[in-house]
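The structure appears below as structure tokens.
Labels A, B and C are assigned to the chains in the order they are written; within every chain, residues are numbered from 1.
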Amino acid sequence: VVDAAVTYTTGSGPAYTSRWQLTNSANSFSRLGFRGNEDLGGGLSASFWLEEGLQNDTGTGFASNTNNQLNGTLGAGTLTFNRRSTVSLSSSTWGELRLGRDYTPTFWNTAIFDPFGTGGGIGANQLYFSGLGGLAAPTGTRASNSVGYFLPANLGGFYGSVMYAAGENVSNSTLPPATPGALPVSNKNDGNYGGVRLGYQSGPVHVSIATGLTTYATGDLRVSNLGASWTFEQLMGLRIMGEYYVESLGAVDGRGGLLGFSLPVGAGEIKASYARYVRDPVGNVPNPTSSKLALGYVYNFSKRTAVYATVARLTNSNGASQALGGVSTSPNHASTGGESGMRVVF
Amino acid sequence: VVDAAVTYTTGSGPAYTSRWQLTNSANSFSRLGFRGNEDLGGGLSASFWLEEGLQNDTGTGFASNTNNQLNGTLGAGTLTFNRRSTVSLSSSTWGELRLGRDYTPTFWNTAIFDPFGTGGGIGANQLYFSGLGGLAAPTGTRASNSVGYFLPANLGGFYGSVMYAAGENVSNSTLPPATPGALPVSNKNDGNYGGVRLGYQSGPVHVSIATGLTTYATGDLRVSNLGASWTFEQLMGLRIMGEYYVESLGAVDGRGGLLGFSLPVGAGEIKASYARYVRDPVGNVPNPTSSKLALGYVYNFSKRTAVYATVARLTNSNGASQALGGVSTSPNHASTGGESGMRVVF
Amino acid sequence: VVDAAVTYTTGSGPAYTSRWQLTNSANSFSRLGFRGNEDLGGGLSASFWLEEGLQNDTGTGFASNTNNQLNGTLGAGTLTFNRRSTVSLSSSTWGELRLGRDYTPTFWNTAIFDPFGTGGGIGANQLYFSGLGGLAAPTGTRASNSVGYFLPANLGGFYGSVMYAAGENVSNSTLPPATPGALPVSNKNDGNYGGVRLGYQSGPVHVSIATGLTTYATGDLRVSNLGASWTFEQLMGLRIMGEYYVESLGAVDGRGGLLGFSLPVGAGEIKASYARYVRDPVGNVPNPTSSKLALGYVYNFSKRTAVYATVARLTNSNGASQALGGVSTSPNHASTGGESGMRVVF
């Protein structure tokens, strides 16, 4: 997939900035990969999947995280198979065992139950990008060194998966002492991840719940979410969807909800979403809150090629100052933006 | 394309050095890429192009530049799609709209109107590699975050393109103050690029003119050039070509000219070029000048596989001390070199 | 090839650590590459080979070394064609000329005459990984900027190759002076490599000898080894193999020997090896010595897909403290580990 868009975003208030950019991945995430499957007979198969993210506006790639540590990123701007890098043994009866770097269970509800998904566009899932006010969440999307198990496909619409990922710290690993002479604090479990997801999809109904926990000596990262959608075939295929999202990293908590829809119109699709994200009080500022309204249209030339346009407005209250597309906005002021681009799947 | 050569280069004078190397890209630039095209019907098509440069003598790649800033390179020595990373929508009637990282218009005249092109070989275009005495020119070859438009192909031999590329600085971006307390200088337009190219190719004639401007608060980068060639089919296919080249970065100016030819001889080709590059006076040194004479022979085993040999001599005057292949030469002394290698296109 | 395994390793003694990991390449090295061949007629052919190593547990890659210098690694954790990056001209009569980054002659005896090879698994060749107690050996496996010649295949079982690789230092390159005012020491030959390998393989017999020298002003790197194996077709295809290995870097010397076997059993294979590596005395500690015993089983679902398990125990004496899989063990204490994973070749 290669996806590029021209994007203009601006903040407001005394500290505002604005920016014109050529961006990538505003509709679908630009990526390049290699995958394969071998039928071993008897319902058994082996497969691999290597996929790298692309910043096609500049030709560069993305960092990966080697050990799920808060500071474990590696390879800024270069091509790595950061998106997925797995090998699997699958049975039609017993399900799939998957080893490597893969998406965490909670990520999927965020990607599936938002009409704009989690790409780089200005309309993308605000719950996902609010990220506790910008704290690092190494396992928010993917985990390295993971072992995953997926239920088989023939369970009458029910599906599910569990994942464990190793932080790979050695058993005597400790945090650097905060003050000289302080007793060292063990962080041997830092980066260890466990998560689970359960869902049901049948006819117009799709509902899924997931939760995950990553251990850090400085405070654990917890993410849980619930997503649901209903597709009205009689109403031109209108799909209504929503997500509820709770997360915490140590003492910082956040939660939010999202409502959206997508509506096929001829060869195109209209979509919109409204998301509201609230953090717990920070000092004496009560509940910094950001809300985003996004509206988009996609015209499909073919299954592979589409052009699209999106407008979005992000409003802040209670001291929040989130903004679209890397610009700045003053606290409690809004940020707006528009973008238009094209996408080719290959 | 994979291209490798054994290269020996040496300077002269008291400060001379010499070096044996295995080099890449002496005949064609080593590269690996992915590209595709989808016919959308009605003369419309969509396409993508991802291409990374290879240093196949060491297995490494090349840095890209994320935002056309003077210091914006990212990913030294690693694989990135630094050469080209674009998505296009093309119409046989209306031309092509291209988004992403792409070649700037002025680059093409340098590559096409030199028999040795702009690869890494010792014979490569001296106007291009003189580069104002080594100043950074982020948009000299390619620009990231670009939007380009190309005229359609059916204009009776005329062709043309325009490109705009975003530097993507935010609107309140400033240079670091030169002295404490100094007023900040805005560099919000740094890295913004605009360029245009017009040409005519029909029968034996090919002529093209191009110009480009990149904005920097420390001094703009301007490059303009004119190239022309004539192919004499009656003289065994002899092609005579030349280029005139003018560039400046802030207060530094340079210009030069090149004459060359290529002559097919059986399965091989003889080629030669002479280039002369002059900088404006630096202090009390009048017009540092460097000239290069290069002579080469390529033998084609097939369309894909070739072996080749090149010799070159670079002479300096008025204080210049340019040298071939990363060696040193004393001011006003010459540098000479030879190389032989092979190239496989795939 | 994508290969992933769950690995547990532990040291012993007061300073022990242990670790659970998801590792890559425990059976075969995970890799991805591009290669091609063109028949030029008359027994002549041209080919290229680009291959990058994969850390598929995290999606990252490996650094390469641009110039065979002790500190010349480039691109940690990113994808580079670090494993092999060559272009070749081959003749069925005259042999093959190969240019680029390639394996050094001595590497092959270590890889071929060990049932566990040189991958990342806990059973892998201990002579190779002992590496003079961890000193850098840029040409221990591969060399950049190499020119290699390989004898043709029709020599009645005899084969051989020579390789020269350039360090590419300029002729006046010197080491940084150890003390201010000291005379500079030239290191213009640093990283220059020469090596040769000769072998014979026919029927059950395979024997090979190789040696290599890399020049460094701080002390040359020398590696020599002899490998041999005998396959008993009457004993179910049992293959007995061994290697003798000598190396030195400046004043540090090491040597070792390895004995192993592999035994096909139905669709599986049992394999074991014992290796002993001894360094020369370090100060007043006589001959730090490490020995490893490894036992493994591989079950092949098909030619492409296999699952496997390995256990290994590494014992230390005379002050050595080598350990498996990145854990620590006290001097003269043992380290043990086990791993199980799967591999898909593509």
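Note that in this section contacts are C-beta pairs under 8 Å (C-beta built on N, C-alpha and C of every residue); 3 or more make two chains touch, one makes a residue touch a chain.
No experiment lies behind these values; they were computed from the predicted model shown.
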Intersection of the contact lists for chain A and chain B: C
Residue-number overlap at the chain A/chain C interface, same or different (half cut): different
Between chain B and its twin chain C, rotation from the CA superposition, multiple of 5 degrees: 120
Inter-centroid spacing, chain C versus chain A (mean Cα positions, whole Å): 39
Junction residues of chain A - those touching two or more other chains: 75, 78-79
Of chain C, residues touching chain A in the complex: 2-6, 10, 16-22, 32, 54-61, 75-79, 301-302, 304-305, 307, 326-328, 341-344, 346
Interfacial residue positions of chain C with respect to chain B in the complex: 34, 36, 38, 40, 44, 46-48, 50, 52, 64-67, 74-75, 78-87, 89, 99-101, 144-147, 165-166, 168-172
